[in-house]
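Here chain A shows up in two complexes: once beside chain B, once beside chain C.
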Partner chain A sequence: MSLIASNLSLKPDEQYHLDDICFEMLQGQIYTIIGRTLSGKTTLLKTIAGLIAPDSGGLVLDGNDFGSIPVWKREVAMVYQQFINYPHLTVYENVAFPLKQRGTQKAEIHNRVMNALSQVGLEGFQSRKIQALSGGQQQRVALARSLVKEAKILLLDEPLVNLDYKLREQLREEFKSIFNTKASADSILIYSSTDPVEAMQLGGQILVMDEGRILQQASAKEVYENPNSTKVSQITNDPAMNLFEGMVGEGKIILSPEIQFDSPTHFKGLPEGTYTFGLRAVAITLGEIGFPFAIELSEISGSETFLHLKHNEINLVGLLDSVQSFSIGEKVTVKFDISHLYAFSTDGSLKSSPYGGLM
Partner chain B sequence: MRLFYITLKYLAVTLWSVFVIAPFLWAISTSFKDFQSVTGGATYIPWVDFEPTLDGWQSLFKSPARGGVDIVEPFLNSVFVTAAGSLVSIILGTLAAYALSRYTFKAGPMRNGDITFFFISQRIMPPVVLAIPFFIMLGKLGLLDTLLGLVLVYVVLLMPIAVWIMVDFFNKVPQEIDETALIDGCNPFQAFYKVVLPNSIPGIIVAGMFCMIFGWTDFFFAFILTFTEVQLLPVAIVALNSSITPWWSLSAAALVSVAPLVVVAFIVERYLSKGNLSGALK
Partner chain C sequence: MNFKHKYLFLLPGLLVLLGILIFPIGFTVRLSFSSWDSFYPGLDFIGLDNYIRLFTDDMRFWEAFGRLSLLSLTTVFLQYVIGFSLALMVWKQIVFQRFFRVLFLIPMMTTPVIMTVVWRTFFHESLGPANDFLSLFGMQPLWLSSEILSKFTVILVEVWQWTPFMFLLLLAGLLSLPKEPYLAASIDGAGPVRTFVYVTFPLMAPISIGAIIIRLIEASKIMDTVYVLTSGGPGTATETSSFYIFIKGLREFQFGYSAALSLTYLVIMIISFTIIAKILTKLMVRGS
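Take a look at the complex of A and B:
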């Protein structure tokens, strides 16, 4: 089974919400759409569900036109970010709802509902009212309702975004194990998120979206190692990849008169000229030998410390794997791990990556 | 200072309660009096100031020929017209409000907000402006002085209230709930009546209550559009007020006219306070 989108476009106002979207998705795979807010993720999911009609382009499922099927007849299930359930029904009735709509036999409904509730860890909750559940439990009910349909396409629109940190981490693990078993084997699973960590953890294929366009489609590993543009590098890293202008010349990288260093080996063959360099926060630490920067802000996050650093026009975010305190304006020596340096052309396309050499 | 404010608060509440309850107590007391007790000076406490009698209440069921005021038929007429008018208004108003909340309409320069305002603008006009057109239209349709004519007029008057309240209510129900129902296999109409409607009961109750209150208490149109065949309760009660007003009958009739609204208010208050409907959508 495959879902093919060809040239999907939607422009309800001045801006494109979907701009010439093309992809092919296969059964048994997890596809994560990652993009900033208003990048078109939800619009794309709703278009696949049939809730939004595109201006042009089409959807084909298993060789059949999928775009002309009304939403209530499409074999899709969807989980929203806002814990959408039916408040007037119990947990059991909520999960059974799509099966009742299909006219499934009562005994089969019971078996499938109980199975779905057990999959999401809600055994014993079947007679509860939705309002009596926590946010995390409500989202599990929504997931159970989408799983019980055994739909060909399962759409999850930022399902963890409204949960607190702890619960998000816990549910992310549970979702992953659910998706890696039954759900993803029988269907095409499409998950949207703004969180790069979530996208990478789910694995599978990643579609990076921005302003209604797909910027890159590849495996999670490929997107992480070789982001094909500065935009992708920003969207798929948290914190966003540090980008700074510089020159390549005479075997050296020159960022400023004070910041110059030897070109890394993977830059060998890169023509001399002006580039935008990229370095993840994790590759920027403090050391005895390095470059002078001033601390603009330090943020403690769990067991790590994020440092916002400034040197003339160069602003960077570095990451220390310990909790440390700094005062604003404090001078520090910053070390770059240049074996992880990326080079992008000035128009933003990837020219050299530590994982793929020259592009 | 705190004690002063608490005292002030309770004083205000007490004064307001007396202001609201006193007319009821007065009417209840008067409804159990006879001619002598009403006209013979101020009397307040039954069995002490006056001997209570059921004459006022019994007169409600007797025909004028037997010395009564007979408000049974006007009462039933009012029940029918208010119930039918409110029911039709709620059904049509809810459907219209749902459409205005969920779909985008363009009629020339008008958009959804303007159309909603157009509905409610019917209520901004003074009733007297509508009276003549209603009179002419019902006359041409042969519906003057009929229950059906009154029901039609009340639907026109009450539906804007239902639309106004329900549009606001539906706007607060997330559209994603309808979308989820569609994805779960409902067609648009099933999504409305299986999912949206059951979750809109508090709004429907509030809209229904307002319709019933406005319909039940209307005097103006009931007076203008009826003559001899049909009489509604407010008109019948006002008709009792004459040079020989039977105050005991008038008081009993007034209490009868208030009773349905009191009963409805108690039922609705208990229903809403269950808490499983209002604010059900997180």
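Take a look at the complex of A and C:
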């Protein structure tokens, strides 16, 4: 089974919400659409679900035109970022709802509902009203309702975004386990998120979206190792990859008169000239030998410390794997792990990466 | 602030309540145990005589009550069905939506008594335009002087006058419904009819019950339409409880007896509405 989108476009106002979207998705795979808010993720999912009609382009499922099927007849299930359930029904009735619409036998409904509730860890909650559940439990009900349908396409639109941090972490793990066992084997699973960590943890294929367009489609590993543009590098990293202008010349990289260092080996063969360099926060730490920067802000996050650093026009975010306190304006020596340095052309396309060498 | 002073602030409200509610009820209770009429005015205590007369020797009251039940339940049912249909029609984006929303409210904006006079003229059996038109087909229905048809006429006028109120309440309810269950229902495979049956109707149940009860309370007081349209006739064919109490109290001046009638009517109504509300809740909320 495959879902093919060809040239999907939607322009309800001045801006494209979907701009020439093309992809092929296969059964048994998890596809994560990652992008910033208003990048077109939800619009794309709603278009696949049939809630929005595109201006042009088509969707084909298993060789059949999928775009012309009315929403209630499509073989899709969807979980939204809001905890969307039927407030007047019990947990059991909520999960049974899609099966009742299909006229499924009572006994089968019971078995499938109980099975779905057990998958999402809600055994014993079947007779509760939705309002009596916490946000996380409500979202589990929505997930159970989508799983019970055993739809060909399962759409999850930022399902964890409205949950608190702890619950998000917990549910992310549970979702991953559910997807990797049953759901994804029988269906195409499409998950949208703004969170790069979530996208990378789910694995599978990643589609990076911005301004209604797909910027890169590849495996999670490939997108992490070789983001094909500065935009992708920003969208798929948290904190966003540090980008700074510099020159390559005579085997050296020159960022400023004070910040110059030897080119890393994976830059070998890179023509001399001006580039945008990229370095993840994790590759920027403090050391004995390095470059002079001033602390603009330090943020403690769990057991790590993010440092916002400034040197003339260069602004960077570094990461320490310990909790440390700094005062604003404090001078520090910053060490770059240049074996993880990326080079992008000035128009933003990837030229050299630590994992793939020259592009 | 001293705790006792709080009651001082409650005093104006309590005095108003005492004057307009508690005293009249208390007085009516006392009146119902008296023989006060136009010949013997005064609060002479006669015990339960009025109540005994009502329960043993006044079939006309109970017939009027049965008629009232029929008229009010039928009119409110029709108002609910028509009002809900109209509200559903203008709930979604349709052409001239605002125009229709205002149009459907016009009957409610008119003066009930004047409109009933207009309806009486319309259904006048020899001069009215209804029979003028129907005579072209050889028909001359007795809109106001047939025992059965006169009830139909009262129902029709009541439905015309008060369906807009039901429409307004139900439209407000529909507009306040959450959008999310509809997104879920469409994805879950429910078409338009099933979405109405499984989502709209159950979500509207609490609002529907409120609207029905409000209209039932209003409809059970039906007086002006009957008074102007048929004066309770022909005979007592359209006479309702409130109209009968009005006759006993303000035409025959049997104040003591009409007070007993009013109190009995009030108690029956309170019990009836409690039972109706419970039945509706069971049928509409739990059933759905």
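Annotations
Here is the rule we go by: the second predicted complex is superposed on the first by the 359 of 359 C-alpha atoms of A that agree within 3 Å, B and C clash if a C-alpha of one lies under 4 Å from a C-alpha of the other, contacts with A are read in each partner's own complex, and residues count from 1 in each chain.
Basically, a residue touches a chain if its C-beta (ideal position, glycine included) is under 8 Å from a C-beta of that chain, and two chains touch if they have at least 3 such contacts.
As the structure is a prediction and not an experimental result, all values here were calculated from the model.
Steric overlap between chain B and chain C is present once the structures are superposed on chain A. Once the two complexes are laid over each other on the shared chain, residue contacts for A:348 go to neither chain B nor chain C.
Contacts of A:249 after superposition on the shared chain: neither chain B nor chain C is touched. In the superposition on chain A, contact of A:203 is made with neither chain B nor chain C.
Look at A:58: by the touch rule set out above, it reaches neither chain B nor chain C.
When the two complexes are overlaid on their common chain A, residue A:121 makes contact with neither chain B nor chain C.
When both complexes are overlaid on chain A, the residue A:357 reaches neither chain B nor chain C. Of the two partner chains placed by the overlay, chain B and chain C both lie in contact with A:101.
Shared interface residues of chain A, touching chain B in one complex and chain C in the other, are 49-51, 70-73, 76-78, 80, 82, 84-88, 97-98, 101-102, 145, 149.
Looking at the complex, you find that chain C touches chain A at residues 178, 180-181, 183-191, 194, 198-199, 202-203, 205, 285, 288.
Contacts from chain B toward chain A in the complex involve residues 174, 176-177, 179-187, 190, 195, 198-199, 276-277, 280-282. Touching chain B in their complex are the following residues of chain A: 46, 49-51, 70-74, 76-78, 80, 82-88, 97-98, 101-102, 129-131, 135, 138, 145, 149.
By the touch criterion stated above, chain A contacts chain C in their complex at residues 49-51, 70-73, 76-78, 80, 82, 84-89, 97-98, 100-102, 142, 145, 149.
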